[in-house]
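Labels run A, B, C and D following the written order; every chain starts at residue 1.
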Amino acid sequence: ADPAVVYDQAGKFDKSFNEGVYNGVKKYTAESKIQVREFEPKNEAQVEQGLRRLATRGYSPIVSVGFNMTSAVEKVAKDFPDVKFTIIDGVIDLPNVQSVVFKEHEGSFVVGALAAMASKTDAVGFVGGMDIPLIRRFGCGYEQGAKYVSSSATVLQNMTGSTGAAFNDPTKGSELAKSQFSQGADVVFAAAGGTGIGVYQAAKDEGKFAIGVDSNQNHIQPGTMLTSMVKRVDQAAYNTYKDAEMGTWKSGIVVLGLAEGGVDWALDDNNASLVTAEMKAKVEDIRSKIISGDIKVHDYMSDSTCTY
Amino acid sequence: MFETLILMLDATMRVSAPLILAALAGLYAERSGIVDIGLEGKILGSAFAAAAGAAVYGSAWIGLGFGVLASVFLAMIHGFACITHRGDHIVSGVAINTIVAGLTVTLSMNWFSMGGQTPTLSGDARFLSVTLPFADALADVPVIGLIYSELLSGHNILVYLAFLMVPATYWAIYKTRFGLRLRAVGENPHAVDTAGISVAFVRYRALIICGILCGIAGAYLSTAHNAGFLKDMSAGKGYMALAALIFGKWRPVPVLFACLLFGFLDALAIRMQGVEIAGIGEVPVQAIEVLPYVLTVLLLAGFIGKAVGPKAIGRPYVKERA
Amino acid sequence: MSQAKVPAWVNLALIPFLNILLAFVVSGLVILAIGEDPIEAASFLIYGAFGYNEGIAYTLYYATNLIFTGLAVSVAFKGGLFNIGGEGQAYIGGLGVGLVCLSLDHTMPLYIIAPLAILGAAAFGAAWAYVPAYLQARRGSHIVITTIMFNFIASSLMVYLIVNWLKEEGRMAANSRTFEESAWLPHLSDILAPLGIDIGYAPLNLAFVLALVCCVLVWALLWHTRWGYQLRTLGTNPTAAKYAGIDTAKVTIWAMLISGGLAGFVGVNEIMGANHSLLLNFTAGYGFAGIAVSLMGRNHPIGIIMAAILFGALYQGGSELAFEIPTITPEIVIVIQGLVILFSGALEHMFKDRIEGFFIRRAVA
Amino acid sequence: MTTDTTPYAIELRDISKRFGAVQANKDICLQVPAGTVHGIIGENGAGKSTLMSIIYGFYEADTGYIEVDGKRIDIHNSQDAINAGIGMVHQHFMLVENFSVLENVILGAEGGALLKEGVETARVELQRLAQEYSLDIDVDAIVEDLPVGLQQRVEILKALYRGARILILDEPTGVLTPQEADHLFRILDALKEQGVTVLLITHKLREILASTDNVSVMRQGQMVAHRETAKTSKEELAELMVGKKVRLTVDKDEATPSDVFLSAKNISQYDKQGVKRLKNINLELRAGEIVGIAGVSGNGQSELLNVLSGIEPMTEGELHVAGQVITAKAPKDAAQMRGLKMAHVPEDRHKMGLVTGFEAYEAAVLGYHNSSDYNGKVLMNRKVMIDECNQRMADWDVRPPNPHLKTANFSGGNQQKIVIAREVEQNPDILLIGQPTRGVDIGAIENIHEQIVKLRDSGKAILLVSVELDEIMALSDRIIVMFDGAVVGELDAKDADERTLGLMMANAFNKEEQENQKGESA
């Protein structure tokens, strides 16, 4: 059967989360020459309808992007037990669904540490997208990382909103970033999908640093992008297709952390000049300590608090 | 505290600039007797056209040109419906808003294949902030320095333009021949007609100005405040501008203050996020977000004084009953 | 004078037809402009909407929402009120449905929950229309502006309530828990299956029947009751209404309450019929589309049913079309909607004057 | 008359104009010698205003053309007319109410892109005009604050400021008292001396005879006669207007008033802007009499009707009807007043009396739609309504007798019959009736007047409001005069004459007595 993907409403070119998946899709198509059927729903109602349409027409596996689709995938997967579903960022307990989740707190810890090292004001900021536990997990990890490097650091945190639109509101992102800059922060991490574009723009405009998320976003504003907390959703999508092709696709929960290469920080030409050798060494050290378990990063979602 | 206030006012200027432009646009339309709830659509249409133009030609000015053209075109559709064909102004406005909401996304998907966005603009494709002379030098002077360098300096040219449009509009409305005719046509089009002036021509010109100003507002959103077009990026600004227009009783200076108030509330909402207020606790962001809307409703309810608009507003000018 | 000599079919059929035709021609140009074949697009669209049972059922499911909002707009319109607040009223109506379902689904059977939810939808939708109505009736505030404002307020209120109070613990997406099955409005698929009609998974449910019932009730109310007489008097000549001793404020308020209640029924279809949980933005623009539906349906229930089915077909066919030709987005449906509002609403005189003029001249000659 | 060699100031050739199905003007020819006052008369709806608006470029004629000073000119809009030296004072003033006099005058003739220069030149010019024609006015006053007489002056100044040589006045005296009208005619004389040509439309044959040189008569869109004023008479003109002999009086017996059916005590009313529209009105209405209310329109008559009929609440005072006391605190709405057997034929049938979009049978129950006659338990009983409508159309000779025709499609007179029939057939004790014959042709007028007298003779009380002094004097048993929202005089119909009423309407009668009253109340 042909593979398919359903992006979430931010669309596949959000330069972030969905685009990451899209990169995985592209890579798979390039390698295997198999076209992946793509669908971008425009509203809640179309998610389920779109999934059904794909399932009815025999597409499998179907990768669904984002927690928003959890309930729709759950319903459709029940009705089509022979179709393989992979959901990214959501957990569904069904025999034909693979749930891929990431340890965002680990990656966020790493970039939080880097942010604190780069900060001259000892204040860093975090702009979240929609106010949900998943995004708080980013923020909490980031805060721990910053405090690990400088226990006196101030970590400002804002959420863009409480609806899905919060992942696609650069104007507000930019205003939130400016607000944080005016309160002293000089590095801002955006875990906010398309909203991040506004955050990076604001950092560029004000000569401050920003940290990208999900995809490697260092290229968006070279020179002021300190790094990106990459979340390898591309890999998740690619693996699903590849495994399905090989017959090794399995249902169940897949958890990807630093150790598995599921999350990481990004260093490339665009930000090489911003990261000194010393900083790099320190970050690598922290990274290996997390992998080895010497540093325990508290997961917000384990108890819905950020006490560590 | 003072610094925080200045920074909030700074944000207020940024946020209220498009509101001011749109509200003044509405002022021209409504003073001429044309209700324009299509401000929203014109802003959105212009935001898209400006971003698309800027992206393709790499120049913010060209983008602005496209934005203005698109917005004027929409204003002319409104005119064609309301002036030439005596259509219902509100229905026409709703139609334009709806068409634009769909069309911008459709076209940008098709032209740029970026999920309904345009490419991110940078460099010359965007209006960047202008530092006023001596801003840096004066930055350290107490109070004045802060006001000058933080609040007044460092905005992009369209913000200054928006604020300049207020006295310009005042002058145009009250001191010129066009202004006299514009006001007259909104009050009693028959009087204007019998004075030998074409009602339709005055109204069309008013709508062209309305289109131009909305065009600048839209271009501001996508090429100055942001760096590209996004689906529904006007986010109700047209409606807020209309509310500000009523708030300001169709007069330029009070309209300015209404816009500043709304802008300030917006800036406040961002600041207030997660802040605990003694005695109340954390104010839900939504509560601050709805403030402008609630204020508008209260105003309309006559609690803040009766807003009486131009007399002939919303009524098609009909000479001959067929 | 004019109406006397212009045959009824001109106003009821010819002019609306020409208006829609023009809207479609312009939409076709848009499709052409983005490099696709309008004919091919139309055939996908028509097949998607009417080509198979499930498609038809989806069309009717969308039409259900549009009948509710179309009726809502038209009841207010008959009283001379332009209710742009259908969106907010539908949204809050859904809250009413959601609260009934969430509080009773563990303890009560469907036949108790369903009527209460319907009442809840009507009551909440009406309540949301009440403030603008009151302000219009008693303080002369412009209802267009107040209802727009109330749409925004509804949207913020719903976010606040759902995110802070109704969201299921530990769930990421902002929606309430899924209702127990006792609060699911039966799908017509279950009813039609024994008759050998398979409509697949389409969420067409009993709310559709409710919509048809509402059409009959609205028709009787408007044209065959005293209240309808008063409403129509108010709508066509407010001064005459005062002269006739009609309590215009009261009629205005009731018109908006009924309008809001009808809009609130969207919640029954969406929340109780399709989604089975209270979620954000389920109204998806149906409130605004109701304006087009009611304009095109000439504010008459029969017309509204037909217009709603047309728009339902556009929604369903449009999403099918977007699926088949990804460069055409479902937004094209919104464009068509806008064009219909433009041509059959704002530009109604464009053809009308000419065509009526033609018939009058023929009659006079 | 002028010889053939001197061109006419204005000449119309075969002007026709159609509005939808209405042929408002048909093949109209007219010649007006320069420097004369030319009267035009005709019934309501005869097409006079339409014709004048065509000359002034407000409407474009379908066919025909216009010559000014012997030269054919194309007038497509008012600007063309103004350029040709034509000015017009419209039946309904064309003023921007919240503008100053000055702004109104310069509108369209600003003299430059900026207002500044134009305003100064206009100020000087207006001063000159004011002196020359005794048209004094405060040029900085806001128009809406001025009384109608002065507003009309603004209109005349507007025309003169633009250098009008041909001045059209469309029913200029309709809103004026006889004395104000006299002033106007003195101004017209002055203009005539300056060589201005005047076209004067009026319904008042007296004015035609007094101040015109020639007169033309229109009927149903056509020009039916031209007369030299000196060689015609009232009777001839009336007959030409209507096309048949007209009785200008009403036959009625002496009234025998009995019980008081309605009494108003100290009624006052403020409008939304807080302006006092009715000032301490006291009046009594007895069974078997017709009380006429005279006054220049806009002096509170409409407000009085609205308050008495319950359409608008009063602000102060008491109203006693059918044993009930109605006060500002305990108001009754129009429906409740109907319940007290009070019927009301409103002044404006289009605005108030009818719903023009309704079919005739629906409009025929307006105000009585809640009556059990027309209603079942839940639904309305259409059959009853239609049957009754058919019956009434037959009784009142409504044409066409079709209950399903849209009300808008009946002519003015027939619409009025539908309204009057509806109210009279309810057999009320009190009938309030405003402008009963406005826009109704003479034949129908007779019929309506007869009905009103018949109702009186059957012991009903009738309050008649009309701006036509002739009508008031012909029908009333008692006449009350209103000025500026107050009752300023009351007289027996037998003692009434036009001069006295005119003075009262201008509040110029018995000034001294008035002063005394003011002194007492202060």
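Just so it is clear, a contact is a pair of C-beta atoms (placed from the backbone, for glycine too) under 8 Å apart; a residue touches a chain by one contact, two chains touch by 3 or more.
Only a predicted model underlies this, so the values are computations on that prediction, with no experimental measurement involved.
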Note: chains that touch chain A and chain B both are C
Pick out whichever of the two, B-D or A-C, is joined by more C-beta pairs in contact. B-D
Report, in whole Å, the distance between the mean C-alpha point of chain A and the mean C-alpha point of chain C. 38
Whole-Å separation of chain centres (CA-atom averages), chain B against chain D: 46
As a quick test, compute the distance in whole Å between the mean CA positions of chain C and chain D. 46
On a C-alpha centroid basis, what's the spacing between chain B and chain C, in Å? 30
Where chain A touches two or more other chains simultaneously, the residues are 40, 161-162
Junction residues of chain C, two or more chains touched: 2, 159-160, 329, 331, 357
Multi-chain contact residues (two or more partners), chain D: 20
For this entry, which pairs of chains touch? A-B, A-C, B-C, B-D, C-D
Chain C contacts chain A in the complex at 58, 159-160, 163, 170, 172-175, 178, 200-201, 274-275, 277, 279-282, 284, 319, 322-323, 326, 329-331
Give every residue of chain C touching chain B within the complex, in rising order. 2, 30, 33-35, 82, 84, 131-132, 135, 139-142, 144-146, 148-150, 152-153, 156-157, 159-160, 164, 288, 291-292, 295, 327-329, 331-339, 341-342, 345-350, 353, 356-357
Chain B - residues contacting chain C, complex: 37, 77, 80-82, 85-88, 90-92, 94-103, 105-107, 109-110, 116, 236, 239, 242-243, 246, 284, 286-287, 289-290, 293-294, 296-297, 300-302, 322
In the complex, the residues of chain B that touch chain A are 4, 7, 11, 14-15, 113-117, 120, 128-129, 221, 225-228, 230-231, 233, 235, 267, 270-271, 273-274, 285-286
In the complex, chain B residues that touch chain D: 175-181, 183-184, 187-188, 190-198, 311, 319-322
